[in-house]
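These notes open a run of structures that come right after.
Shared between the two complexes below is chain A, which pairs with chain B and chain C, respectively.
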Partner chain A sequence: MSSGSPVAKTTIEHRGRGSREWLFPLLLLLPAVGLMLALYAYPFVSSIYRSFLVKGEGAVTLANYAKARQLYLRDILFSLEVSLLSTTIAAVLSIALAAYLRMATGRIAKMVGAVYRLPIFIPFVVVAQMMNTFLAPHGLLNVFLAQLHLIDLKAPLQLFNWKGLTFSFVWKQAAFMTLIVLSGFKMIDDSYIEAARSLGARLPRVIVSILIPMSLASISVAVILAFTSIMGTFTLPYMIIAGEPTTVTVDIAHRVTYFGDYGVANALGTITYLMVSFAAIYYLRYTVRKSIYEVQEG
Partner chain B sequence: MSQHDSVSQLSAAIVWQLERKVSRWLPKTFFHTLLLAGGFVVVLPFMWMITTSLKPLKLTYSPPYLFPTHFEWHNYVIAWKAAPFLRFYLNTTIMAVSIVTGQLILCSMAAYAFARLKFPGRDLLFLVFLGTMMVPFHVTLIPSYLIVKWLGWIDTYQALIMPRLVSAFGIFLLRQYFLTIPTELDEAALLDGCSRLGVLWRIILPLSQPALSALAIFSFLFAWNDFLWPLIVTNDPLMRTIQLGLAMFQGKYGTRWTYLMAGTVTATIPAIIVFLIGQKRFIEGIALTGLKG
Partner chain C sequence: MPALRLVNLTKRFGKTVAVQDVSLEIRDGEIMTLLGPSGCGKTTTLRCIAGLLSPDEGDIYLDDRRVTDLPPEKRGIGLVFQNYALWPHMTIYENLAFGLRLRKIPKDEIQRKVSEVLATVRLSGFEQRYPRQLSGGQQQRVALARALVIEPSVLLLDEPLSNLDAQLREEMRFEIRELQRKFGITTVYVTHDQAEALVLSDRITVLHGGKITQVGTPKDIYNRPSNKFVAGFIGLTSFIEGTVVGFDETRGYAIVKTSDGLEVQARSTGLHSQQKVTLAVRPEHIELLPGSQGLSRAGEVNVFEGVVLRMAYLGDTIDYRVRVGDWVLRAHTSTNMVLNHDEKVWVVLSPDQITVIPE
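Our next item is the complex of A and B:
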């Protein structure tokens, strides 16, 4: 492969002899690996291990999982459904918006390009506070819709449930997803798009046949990061959902705060990880399939 | 050809032209209307936040409106004085700057090892790092807290900073960028007698500014906006961060939305400034790393 190519052989065999051969990579990795092991891997393994222990008993059992299933199955499914729905809607919106920003020029495109990033800067806790009043029965959204004569304020939209939560998640995550997807779209050479257009392909066709297939990696990363983030968000469901069902993160906090029950809390955490790990496995398989090292080594 | 035929042909041509124009403009107009509606939905809560922050307190619970009709700038002064916000800003700045610096140093070192050096178990270790990227934060929350407590770090900067000093995402982002830099540059430097650390410092890092900027902005935004971890590892009000300051403020005043939103607007400004300063390199960095297609 040519030297200028970005996928040129980029791995140099570390030159050295004997023990020194190991020393340099080890020194470079030691701080990162040390911190990851101590403050990430150990807590993670410990969390899984503790999920099999019952308070006051030494034996390893599945009692916490049985209790979690008995008490929170509805919430587990609710978390999964809301996360999947929010991620799907955000993905569709972000692909459409990124495609528009990739292809369009002019004042409207510039304005949209500046506006869509706003939610990235606003933390979840602030989004939760905003949405808490924005989506309220007499909040701005209902008043606005009433002024358009779309609803009657005497019977406002009730949004402190999965609908409001999904709206909030989509509002927050679509911007970040658009940023990543757009960066992928921007890497596609104009000539592909122009060739398709000159053959009569319309915008939807260009999106489906050119932009999406050539940016699958960035779309996958955006989807997985958003899904993981949504599954792990606490403040938004805590402040928006009134009553039941709610998300697993709220249940974990509830279990720890009111019952000091770390066993069931850890079991719920592990169940969440299992749900997220499907996405993780897909991503890792995708990365491996792309032969992360072989490709670059040519 | 009769005059009547000519007129009917002309009118048919005009109708055809009009139909063509309409068929071209209708989807465009529809799409733009949809986009504007979407943009409106994005801006709506943000506008509401600013409008509420400028309302007089007595109008807090009045029917909501979008554009400010009053400009109570004094709300910002009251919000600033309601809690030790200067201290919260200082704590958050120390935390965010330390995390950004730490991540840039430690993630570049690890990313260089993964991108450029060969050693046994490298691929497996990298996959393990990638795997940790997907672990939701609350899964490790309780054991992490117990470790921090065991180390005696509660109410210290170490507790706020140390667990965030390395991120798998940062290592991944930088590694992917380093792979796009031709190895010939490293080889030339090595032949000229440069050490491996010198290659990293003098060749790789200067050429990786977009990716480093992207990581810096990502980690800054994350640290600045973090709520749950600082909430758990700090009890002392003087060790709290801005996001916690806003929550404290909420409790203290029984949610006085005008002041709360004034505090929120103020807390969001540094994040927006950081992004505006580095946005060009940020987008370039994202585009040229492994997040590309």
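Our next item is the complex of A and C:
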């Protein structure tokens, strides 16, 4: 009996010290977590909650969603379609450009390597203004195509619609995606590429069978980030799209500015978030899995 | 007819000449090692053969077919890398089938060939595993199998054992040699490890500063190095410099006098009087006699008095550094002979086992 007490006491003391040790890092985290909760989580949860409230009524209801569906279903689908199309085209272009920059060594490749990043540093509003000039009925693109006798300027290409918007998104996002994809390609040791070439693989096969599968993580991250960014962009569609359909972000602004209707605006925001969250979930799952893998490897 | 021929191959990187005027013939079915220190041009030469680098001058012939300007995918050469370069997203089967699929070989035939080559490298049953699930040695065998399964005309191995631990490296040397013999494939092997080169090779090409310094069998290279660099790079060697002052015509020895007055006799032909030479002696060819034992031989040809400077126990031998005149010689003796630091010792050099390198 007497020998049992000291052991028990030591265990209790140890536990006590252990819990205090556990508390200290938590305290250190508190300011950051607090800021996150106040500035991100609270407004986010609040906007979702308010999407179920109708102005002047206290009860929780799906009325805002019904109204959003009734008025903006076409725009919701339009947003999704333009985002998917823009992301897909930008992904294909960025993979092709990244593959070129990874494999080529000449002076032109160096020049392209220096220039391709420029769109990343141009804000959306500037891109929108540029595209307004570039894509206009008598803008640079139409004039250029007319010079080549590909179109008649009396019947210019009408690009202030999904085509112009997709073009603008691709122009802006392809550079950012190339940056991420290229960093993935550059992490692949030359020997993997050379092994394939020595076995008889030509360049397209090397890209499809070696570079892309070995950089799938980087490509996925680039696709998800670009898709999320496109879905949430307001300035470009606001300044480029003339008439309907337009994107959900423009609809949200419209709803708030002209009607002060935060309920429907919040419902549209929640719907957008749901569309993006599929991509976000994949991204988070991937980053968590990667960090676990890295810890295990380490 | 040589399977692979390099003619006046030169490769520059900016102002640096990595490979200079290298001409080499590699016979059908032989294993030729390109040996040399880092930066000697051995890997650059290999990459030129593989088509991964374009030579600035010279030509490469495979079975008398000029391939200098052909891209790597059209040369039909198997390549094995130091880091194995197995594609991590593919199973072992997919890694091996990759080259065969590119050749549009029927699926059944691919399966048969992959199974056969995996059996040869003793990895049957590993088809569905991924490279990360294999040990270093197993990965290296898969890399070898992947290069062999396409039945290349030439196999190139770029320091393939460098990433393995010492014991496995030694095992794999024999395994590679055995596989090369089994397939009878002309092989170019790049290494900086002279022991590896001696074990594996039919012939060795020693490179230094981008140039070939000697080509020969391992025995030739070890026993008859053509210059001081080869003698120093392959195995341990002690050097004594001097001038030919005479000849012992009856025994065919040259008499070499050093600056500190030693007279060393060594077998040689084609030397002339007053020629400056370097004498190269391997540690195992130097006999050490303790004071009392050596005294009786004092005055004989090539018996010199020396002092033990340092000793190192190597397990099966003892490595001694002995000062003789102005020269420090390294000698390996059995572990039975224990000499102490600063102990007087007699050094015996056999004239037949001294390599004379004319300057």
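Everything that follows uses one rule, which is that the second predicted complex is superposed on the first by the 262 of 298 C-alpha atoms of A that agree within 3 Å, B and C clash if a C-alpha of one lies under 4 Å from a C-alpha of the other, contacts with A are read in each partner's own complex, and residues count from 1 in each chain.
Note that in this section contacts are C-beta pairs under 8 Å (C-beta built on N, C-alpha and C of every residue); 3 or more make two chains touch, one makes a residue touch a chain.
Only a predicted model underlies this, so the values are computations on that prediction, with no experimental measurement involved.
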| message | Should chain B and chain C be called a clash or a fit once both complexes are overlaid on chain A? | response | fit
| task | Decide which partner touches more residues of chain A, taking chain B and chain C as the two options. | result | B
| query | Of the two partner chains, chain B (first) and chain C (second), which one does A:Thr88 touch, if any: first, second, both, or neither? | reply | neither
| request: Go through the superposed model and pick first if A:Ser46 touches only chain B, second if only chain C, both, or neither. | output: first
| field | Which of chain B and chain C A:Lys186 touches, first, second, both or neither | value | first
| request: Scan A:Arg197 for contacts with chain B and chain C and give back first, second, both or neither. | output: second
| request: Would you sort A:Ser209 into first (chain B), second (chain C), both or neither based on which partner it touches? | output: second
| task | Please state the minimum Cα-Cα separation between chain B and chain C in the superposed model, rounded to the nearest whole Å. | result | 10
| request: Identify the overlap between the chain B-contacting and the chain C-contacting residues of chain A. | output: 214, 216
| query | Touching chain A in the complex: which residues of chain C? | reply | 50-52, 71-79, 81-83, 85, 87-90, 98-99, 102-103, 146-147, 150
| request: Mind listing the chain A positions that touch chain B in their complex? | output: 3-15, 21-22, 24-26, 28-29, 31-33, 35-36, 38-44, 46-47, 50, 93, 97, 100, 108, 111-112, 115-127, 129-131, 133-134, 138-141, 143-144, 171, 175, 179-180, 182-188, 214-218, 221-222, 224, 228, 231-232, 234-235, 249, 252, 256, 262, 265-266, 269-270, 272-273, 276-277, 279-280, 283-284, 287-288, 292-293, 296
| message | So in the complex, the part of chain B that touches chain A is made up of which residues? | response | 31-32, 35-36, 38-39, 41-46, 48-49, 52, 63-66, 106-107, 109-110, 112-113, 115-119, 122-123, 125-144, 146-147, 162-163, 165-166, 168, 171, 178-184, 186-187, 190, 196, 221, 224-228, 243, 246-247, 250, 257, 260, 264, 267-268, 271-272, 275, 283, 286-288, 290-293
| Tell me, which parts of chain A touch chain C in their complex? | 189, 191-192, 194-202, 205, 209-210, 213-214, 216
